[in-house]
């Protein structure tokens, strides 16, 4: 990696091939605010496919690589090589890929979860901390919605007092189309249940990491102890599909989590509520421009992105109040801030998720698994 | 008790004195549909106060009694004595009072919980079952909202398939005005924490019983095992104030409950969601005329009381769709149905809560307490 | 009428026979707070039917009258005759019936509209004003919801500044079941379109009066000029079914009204928004326990019945915040206040609608009709 | 313009300088789906500023022009000159600028309104129709939300039957910060009230055009007659700030419009409801991923972007149901479709707004003005 001189950052991509939804998302996010130019990538293990797809994105053929090692090797010695690499492969490979680029002093934007399991997470964490030249961002994108950051800000300002209860749920019903009793259900679900691919837990790595991250991101707390109950897709299909958990936080606050891929009925929702001694906050992804702030001794305030009493949120918006922003706007906020963090001259505070939060979510997932197995409260 | 001949049922009341909110509620409910006439009562342990308040309600002085035993004694031998007695004393006395009237073959409408603890509940249950002449209703009033009954109806019709998840919460913030660290907090909270008054658990008897009742009422299921975590008001004030629980139901469905008097911020809400293999249902007390029915493979349907696709709900409404009904309308539905059940000539199905459901909620509360103490899953 | 001595007021009823929905509503409302005892009535023009239905309500046979003149005559000379009469006949008869009882110094609770047309309204208004012994209440029931009164209170306190815009709509879809092209549609709709029954306008007397009343009740303003466009049920069926109107109020505020029985789709809604120089208010009947207060320079406040920042609303509630109240609770508020106004010793302010507001709504309806015919702005 | 051969379209921009919000929006929209490359532009009348800003966008200095004539001249003869020009200048200049580029056979994306007034609109319309080589898109961006298009689709499929009522409002409270009585209010508002800049009407060109466009876009109807009442900012400041209108559509449906920049209270909302003989539709920009479909004889259906019963909407989404999209996603849909329309080989149906709809909105605005002045119904 050379020093950053051009107007735009040079971005490389690992993963996110033609069928990948998240690849599509990362690429839009990188274009959103005009801070990146995608110049290199690995899009498939099949070199031909990787090249074909890369070229369709406007990448020159010689920078469409066959594997991430080759990419790290070549880009790191190239004049105008990539400054940043975005990793959007399955969870189990996050650590080894990231380490390869860290070794070459290339900045990292990684899709969540931080790593496939706690062991990998600890290694990766150590590696990141050991290299002072690189920045690392983790796309826990929900934390980048303007009103989630407003919530974090209100907590920090003491507006809800001491936090006493946290209630989070992330439930999705994508499973509804799959008949779990059929023979090939397992095949179809391979990418969701094979531990070599998804890591420690299907549902927890995929969406549980988001739920827990959101809780610690807004509250500033960390989980202390957990009691969890995890359920598989079915008796035959042993991937985790549903997790219920109670968490005691490090300030004594009590939390409840429900994370599931199973519920039917068009429910696809991430919701968080945080209750403190002076009031409470509620946010839900399906109407993300609003935050309910319920003071203990006053009428509910329905805060709106960019409007009065939600000034902090303005920093993270692109369009005026009254005009909704969504998933992609929030996702792009992480790319935008990361670019700023790399090019800024003076130290500022950035709000994108990082390796510290990544390690915490890995601990949470590991503790969930242990508690569910032992049917006991365990330390996170 | 004589046989029921007059147009209106003669109603006696035990409890619900001048400062009692629930007494006020029961009396309005009894007037709502013109099926009862309040003719006797005990409104205070102080005979003078009881008489004074009774007279203010239009009851003749000689039927304002000093205690429930006297009332049961005298009314049961009186021509035109009470047909029904409504009991709205604190939980711990529900059993002994009800038994006294059952002994005299007087029908019972009892405020919830069924009894102060499981031991009392079992005795009362046995007593009720042993007397074929009396009917017993328990005012788990939320179950009498038209759209809650519509929900029960949809479940029975198989519209959501096999139930897989149940999520209920009942949180109230009435505690916000009380400084738990002051010396006299304990005094103020006496009626909420003294086990001789509230029975086995403050928060569980008061609102936990409602939450669990609603779940079993709509779903038709029973809890099998439970893991719970109960928290006191504070270190000094040892009454239960917050309960989190996971419940495995008898059909393998998994449930989560949150029951609390502590959360701040104008939150005072009972919400239930039931997810089945074909879709899900959502109902919340703060907008009770609507029920969300989310089919697994179709758009969300917002069912409205008395409107198309919610025909069953019509039986339990008094005003047209578009015109909201509330807490008192629902409460009165129990009084109305109970009157009908006493005067009907042919057997019909009634939907008011009864002793069977009462015993179940007592089991749930007992199991919550045990699990929280042992930090283990326990049988309900 | 004798002086009021008993605990309860003696109430007579004119109208509201067995098939009448509004009769049912008035009777529940009169029982709600235990201030009235129904002791006399005329329930049908057919004396037998009137008697039969009256008896079913528990009224003694000799006080089930054949017509309102007989009732006024006899009750007024009877010891313990009715103190109050409730009139719930079709609009065109409101005036003559009310006048008969006013002549006998009997207090009046009348269903809306005030009168069948402006001419009748002026006569009735004069009659009421000429008798200092009687009180008159008009059941524009929506104005009795706690949060509507909170809205009125906030306006009076200057919380939204000078009113600039008012937007009201009352749309119902009850017509959906009637095929307007069939021969007998006219017969079915007789009670909705025959001017001898409904008065000046079907849709305006039925629901337009409510919409306009609510606007002037909350705002304290009066309409100055109006431009309206009224549409009939169909080319053949000439009763008014839809009215659109622009109103300039006496403080220059501009208003829009949409009043209709035609729109399809489960819409049955009364909504009002009032915008002032300092903020705006929004209320809708389908979630009546809440009022949105949108300050010009602050986050939206979602005021809840009986909770902080909605203290005034408490006076008109029976159950705590978090527990919804509905149509009947509000309707009963008018009966309750009217009873208090008759028995109170000192002068207090009452909030039930009266003849002044009644006359205003009649002026509005007349002006709507004239404007629509002339296709011009006209004076109200 | 040369024929389109490169992967990306070459885009030129006229207007949208550093302080322009809408300029920012157009540029993000053009990047969203990677179909355009901004290669030329005029960003200020001041050549230096134009160059400076253009360069900051990565445009080469020689393609940052001093005025649109120069740009049209030079780009049209350049190899790899712009294929498309986006015009985002004030309304009064839309016509003359567009015509210049049409003369050079360059495709046009124009910000709304179509033109400054009806006269300009007619000329521009004629010019566009006279050139078969160019495509023209008008960024009435609200019509590009997935659920607005779903609404159009449902109307076309006959799902709501014959349209009977249309109700639209677009109200914004941006004025709240400006004291209209101060001397320099007029200066501040220059860009909103000077007819040489804004054209025929401030509020109608700015947001009224959106409201009317949305109505005709979804319904497929055209206005026939109108009655309007327009109000200025204040007595001194004579720009239009508020418009109320009734519209009779060409199928006899009746409409109401409220368009205003004045209402206070964080209201910034575009809402539309369309009622037909078989049901109704409701959509509001502040929760744009949902569409209420209220069948006349069935429960309300809450359709969600990309979910069951909203299949058509999928074509216009980038992220899954459950993940919200907003203003920019919709805006970008117009850019995306326009690119496809230019590069497609076979004829397909496109949904972006065009010159036909543009001319209609100009007619509506002109008729509003005339009706308000004459206080009469006028032909649109």
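Order of writing sets the labels: A, B, C and D. Residues in every chain begin at 1.
The criterion applied here is as follows: a residue touches a chain if its C-beta (ideal position, glycine included) is under 8 Å from a C-beta of that chain, and two chains touch if they have at least 3 such contacts.
All of these numbers come straight from a predicted model, not from anything done at the bench.
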| item | value |
| --- | --- |
| Other chains in touch with both chain B and chain D | A, C |
| Far-end chain from chain D, centres as C-alpha averages | B |
| Centroid spacing, where centroids are CA-atom means, of chain C and chain D in whole angstrom | 44 |
| Between chain C and chain A, distance of the C-alpha-averaged centres to the nearest whole Å | 56 |
| Centre-of-Cα separation between chain D and chain A, whole angstrom | 35 |
| Per-residue multi-chain contacts in chain A, two or more chains | 266-267, 295, 297, 299-300, 304, 307-308 |
| Contact set on chain D toward chain C in their complex | 160-161, 164-165, 167, 173, 176, 227, 229, 231, 242, 244, 246, 254, 256, 258, 260, 262-267, 275-280, 294-300, 375-377 |
| Chain D-touching residues of chain B, taken from the complex the two chains share | 292-293, 295, 297-304, 307-310 |
| In the complex, chain D residues that touch chain A | 7-8, 21, 24-25, 27-28, 31-34, 57-58, 172, 266-269, 285-289, 304, 307-308, 318-329 |
